[in-house]
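Next up is a structure, given as structure tokens.
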Amino acid sequence: MGLKAGVVGAAGFAGIELVRLLLRHPDFELTVVTSDAWAGTPISRMYPAFTGVTDLAFSANAQAPLAECDVVFLAVPHTAALAVAPGLIEQGVSVVDLSADFRLADPEEYQAWYKTPHTATDLLAKRAFGLPELFRKDLEDLAAKHAAGEAVLVGCAGCYPTATSLAAAPAIRAGLIDPKGVVVVDAVSGVTGAGKKATERTHFCFANENVEAYGVGTHRHTPEISQILGLDGRLVFTPHLAPLNRGLLSTVTMPLDPAKPLPTQEELDKVYADFYADSALVQFIQGGQPQTSSVAGTDRAQVGAVVHTAARMVVATGAIDNLGKGAAGQAVQCANIICGLDEAAGLDLIACAI
Amino acid sequence: MGLKAGVVGAAGFAGIELVRLLLRHPDFELTVVTSDAWAGTPISRMYPAFTGVTDLAFSANAQAPLAECDVVFLAVPHTAALAVAPGLIEQGVSVVDLSADFRLADPEEYQAWYKTPHTATDLLAKRAFGLPELFRKDLEDLAAKHAAGEAVLVGCAGCYPTATSLAAAPAIRAGLIDPKGVVVVDAVSGVTGAGKKATERTHFCFANENVEAYGVGTHRHTPEISQILGLDGRLVFTPHLAPLNRGLLSTVTMPLDPAKPLPTQEELDKVYADFYADSALVQFIQGGQPQTSSVAGTDRAQVGAVVHTAARMVVATGAIDNLGKGAAGQAVQCANIICGLDEAAGLDLIACAI
Amino acid sequence: MGLKAGVVGAAGFAGIELVRLLLRHPDFELTVVTSDAWAGTPISRMYPAFTGVTDLAFSANAQAPLAECDVVFLAVPHTAALAVAPGLIEQGVSVVDLSADFRLADPEEYQAWYKTPHTATDLLAKRAFGLPELFRKDLEDLAAKHAAGEAVLVGCAGCYPTATSLAAAPAIRAGLIDPKGVVVVDAVSGVTGAGKKATERTHFCFANENVEAYGVGTHRHTPEISQILGLDGRLVFTPHLAPLNRGLLSTVTMPLDPAKPLPTQEELDKVYADFYADSALVQFIQGGQPQTSSVAGTDRAQVGAVVHTAARMVVATGAIDNLGKGAAGQAVQCANIICGLDEAAGLDLIACAI
Amino acid sequence: MGLKAGVVGAAGFAGIELVRLLLRHPDFELTVVTSDAWAGTPISRMYPAFTGVTDLAFSANAQAPLAECDVVFLAVPHTAALAVAPGLIEQGVSVVDLSADFRLADPEEYQAWYKTPHTATDLLAKRAFGLPELFRKDLEDLAAKHAAGEAVLVGCAGCYPTATSLAAAPAIRAGLIDPKGVVVVDAVSGVTGAGKKATERTHFCFANENVEAYGVGTHRHTPEISQILGLDGRLVFTPHLAPLNRGLLSTVTMPLDPAKPLPTQEELDKVYADFYADSALVQFIQGGQPQTSSVAGTDRAQVGAVVHTAARMVVATGAIDNLGKGAAGQAVQCANIICGLDEAAGLDLIACAI
């Protein structure tokens, strides 16, 4: 209980999931939760699951004693993190940002996709990208700085990029994929991905018993996926909404490199199994396909991969909980690493099998 | 009420949907429904939605007076239609088959994918493929024969092939798509697509709150999609299961022909709008994406299409009810056409908007 | 197509269900749909299920040519019907009101429960209560007046009162129930019952995977149920919300009259079977329990009843679609009756069995 | 990790939930999981949520080293526990039984409801009833015996009895309820309550978008509820099924004692708040109604209570996870108590708020 943690924007879906994880974390003590809209309200009044669990109430952002925290998580919309992160870092507080503000390495790309200038490019240059299985070294570098008393910043990966990249990276990094080919990503998210705001889109009666694509060709996770996987724009990403609360499945179809012999399924299995052999939280499901229900409520991810011989493609699938490994779980995992803890500390939850 | 209709395999999901449609059809009279497993049981005992609607009971197949029907619908597993269709045709009864037995034009391809020889290749050669919006002429040819007293056979398209082809065909037939490129199809189906059999796969607690891919690279609808769209195997088809009863969305990513100028979105819109301008049951949703809930319970389909400029692709989506336009509705539409009726007769249902 | 119909408040859930029913009605022509909030918007833009079905657009209430209609349906919140109905009646337009404004016969009770005075008590005195199976005579009296050119008013029963009363009335009217005993009603509604407004209550992620009671002891349908069944306040009514779109099940526990011999189950079956023997739309499920899925999307109701010997009670259950027999379907049924049509005209829909 | 635990019947829904809880328990080590049907299969093959979490595989019951355990949990159908429990007790292993075999204190009542004789009446006489909040003293008596080296037996309460009794007991034990009045219980369960067997009842497409009552007047939890609350048969219990995985809400309508003054809501609130003031896992929701989603995946329960002045009744509601506090969670809680541990050890999970 040595480390104090705060959550800015704790009333939203990613924020409250952070609260759920941090209240049971063996090493962090959750001391501050903020929400301007709900300042003064006990968490348990808004989310009755916390009745009898915590007496914490939301504070207004301006009044919250965030400077006393060792780590502050930002569960806020993009641009809001740009406004808050620099001040916290200046006060010596390390920041784990769940927004989109520190994901894209190139501030011009940020401006192009988010239609607003990046106002903290110096911080951006020093941040690590929060997807430990693919960028562990960068996070460990931050851990060294944090241990030396420096406040550091993590820009956590988004939900679609996380599931997609965990599915695709082993094949790409193994050099199996055509460096000139286009990767097609069709991903399906549960409705928590659309956020807490009550809209027609999130109304039960419109979301229930429905599947639809949205943001075709325009979703802001596109450049982030491209950046992680080094696709340089050779990417078609189509997100979909399906009627479940939590869960995100990304199906990634990648052309095999025509200059190389077609791998066998056994060879592909080995590539994936080896890639995740030492991973605490990501599992390769050999000979099967991952299910989102197997990881719901957790920071775990499961991945499958199939050689499509006829079309010379790899079809890889990645399942996560969009609020878990896709948001709050991953943020806690990143915080664990930069604080020198076991990366899975407090993340030992097992999905309800049914 | 001049035409007598029968349904073989009426207790299954596609079968009972046929019953629901035919009981309200202005021109067909449903006189026979068969089910060996449920012979003697009133429909309403098994499906209480029919209480007060019909007193019809299931007959055993062998005892059912199918020869008295003008049209018999086969809602049976593959190979069962091979066993039944020839006898019916011989007796002068036209057959609309919902199974896979008469979909693939090439009997060797049938044998390769279904692991059993095709035993009615002569009938296969004369059948029409049941997807009216794309093969209307073939169905109209059958209508002429049927009118002349000849018993004819329709092999109805499967659910995934229907949604996929309705989404893809306008762009392909307009010559926009690279004739050498690979088409990627990711499709999501509701659980009725898995059939009535109670299995772990269809158990509420396993299907609910879950999304998963299945049959990656091996689903039997693959050659059918390839046949309809003339892809000659340049196809990666990945089906998924999502937690809803009815609804199927197919997302089709197709490479634009590099030899031609990139079409504008307006040009693509025009291609799609024109293609379905006269269609009674298929609508192009310009500037948006179709939702499965908009067509659930109906024979309607809705289609969207977007030019992905950066990747030089078209992303097209097609939404159907897998039991409607993907099975029973389409079968009735085909029956309407071969019987010389309005193609939409009895298919004027409107989806519950919510 | 002789009769012109209009719907005021057509953009809401009950309103759009009326649109769905009236567009396919053999005798009514839907000519006007109003919504101040969506004036000018085509129905199909808001509810894509209507794409290719109708070109009708919403009109502002003040501009809508409602006076040209033979019947106008009011799908508006309470007090809004009080404001609109008198003017329509004065213009000679018969009105079928789905709001609560003309349900309670006693204006003082209206004021007590709805906290606003009843401003059309003269109309209230002449209205019929719209629940045909229990108050057919009153509706037929209106039919005679309507035929004679008089504009008439129906105040349609609410959703919970409809399901509850259809379940309870046969036993009560047969004199089986203790005239001094308290009736306990626990009812479960789908989320469409909470209306179209996007709120935390109707957010998918809060409604999904949840069951809860609400409005315990305070729900405004309490006096209406008491009025229909003549309970004079001897009623405990507890509504619940469950995660489905459409469907309402009411479970009614009624003490048997201690002054009379305990009926056998066979005797109770006969009471219920006889009561609904001639009913086109309500069915008694002997030896079983009704399911909401059997009536979803329709104006049908199904009812079950069991003698609880040990506790000397009758447990009766009633299943409806809250938007069908609980709102729009019932309104059309009432309109059919007052217009001298078959009561089931346009209401021949069959629930999707699965 | 001092205590070894085994689960008999671990492949079923209650069994696998025990596995989920015990794998993370700070004091129990799960060493044996049995399933005759799945002997030899790794847990993670059947329930992929356990991939990377445990390598345990199911053993056949006869081969399993259950005698080495300190506590064995029986997650088996009724009569199976009768067959297994005596032998385990004889071998010195304490048993926590989740089946119905040791719930009813009166073996004749067991025979009457379960249609089979009770073959372990001596054990039955010594067992404690597993519902800690209401029968803590009995469990603590077993703890003393267990500490002294005696093998003891707990017969855990069923899911409906748990939710119902937690809601009703405070008012009944406070003497507020008419000792001659009939209590009406309407309860709604998620589909996990129907078990893992794939049947038409548990098929996604039949359970989804449906609510129904079942077992009216005949459900076997009736005598158990009566026993816990001392109702002596003055009980009408009607269970219902709703489309969610986990969650059970019981709504209990109880007549207030006419010989006593009507309590105010404040007085009732105090009765309930005091009753659960020291409870680690059960919370009274003052001024509101409990939601099942607030306790899903946990051993927690939430309770609400309202004075219905007009009808002189109390309407109390209790929300649990039928697999948590209604089965596996409660069993672990009982095991904690008889082993002298904190009753909430390993049960600190917080429901996913969304």
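Just so it is clear, A, B, C and D label the chains in written order, and each chain counts residues from 1 on its own.
Simple rule for what comes next: a residue touches a chain if its C-beta (ideal position, glycine included) is under 8 Å from a C-beta of that chain, and two chains touch if they have at least 3 such contacts.
Just so you know, these numbers come straight off a predicted model, no measurement behind them.
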Shared touch partners for chain A + chain D come out as B, C
Taking each chain's mean CA coordinate, chain A and chain B are separated, in whole Å, by 39
Whole-Å distance, C-alpha centre of chain B to that of chain C, is 37
Per the C-alpha means, the centres of chain B and chain D lie apart by a whole-Å value of 47
Contacts with two or more other chains occur in chain B at residues 13, 192, 196, 205, 208-209, 243-246, 290-291, 293, 296, 354
Contact graph of the chains (line, ring, star, complete, other): complete
Chain D contacts chain A in the complex at 13, 16-17, 20, 23-24, 47-53, 192, 196, 209, 245-246, 280-281, 283, 285, 288, 290-291, 293-297, 300, 302, 323, 348-354
In the complex, chain A touches chain B at residues 182, 184, 186, 188, 190, 205-206, 208-214, 216-217, 233-236, 238, 240, 242-247, 249, 251, 253, 255, 289-293, 296, 304, 306-311, 313, 315, 317, 319, 354
Per the touch rule above, chain A residues touching chain C in the complex are 13, 191-192, 196, 198-200, 202-205, 207-209, 243-245
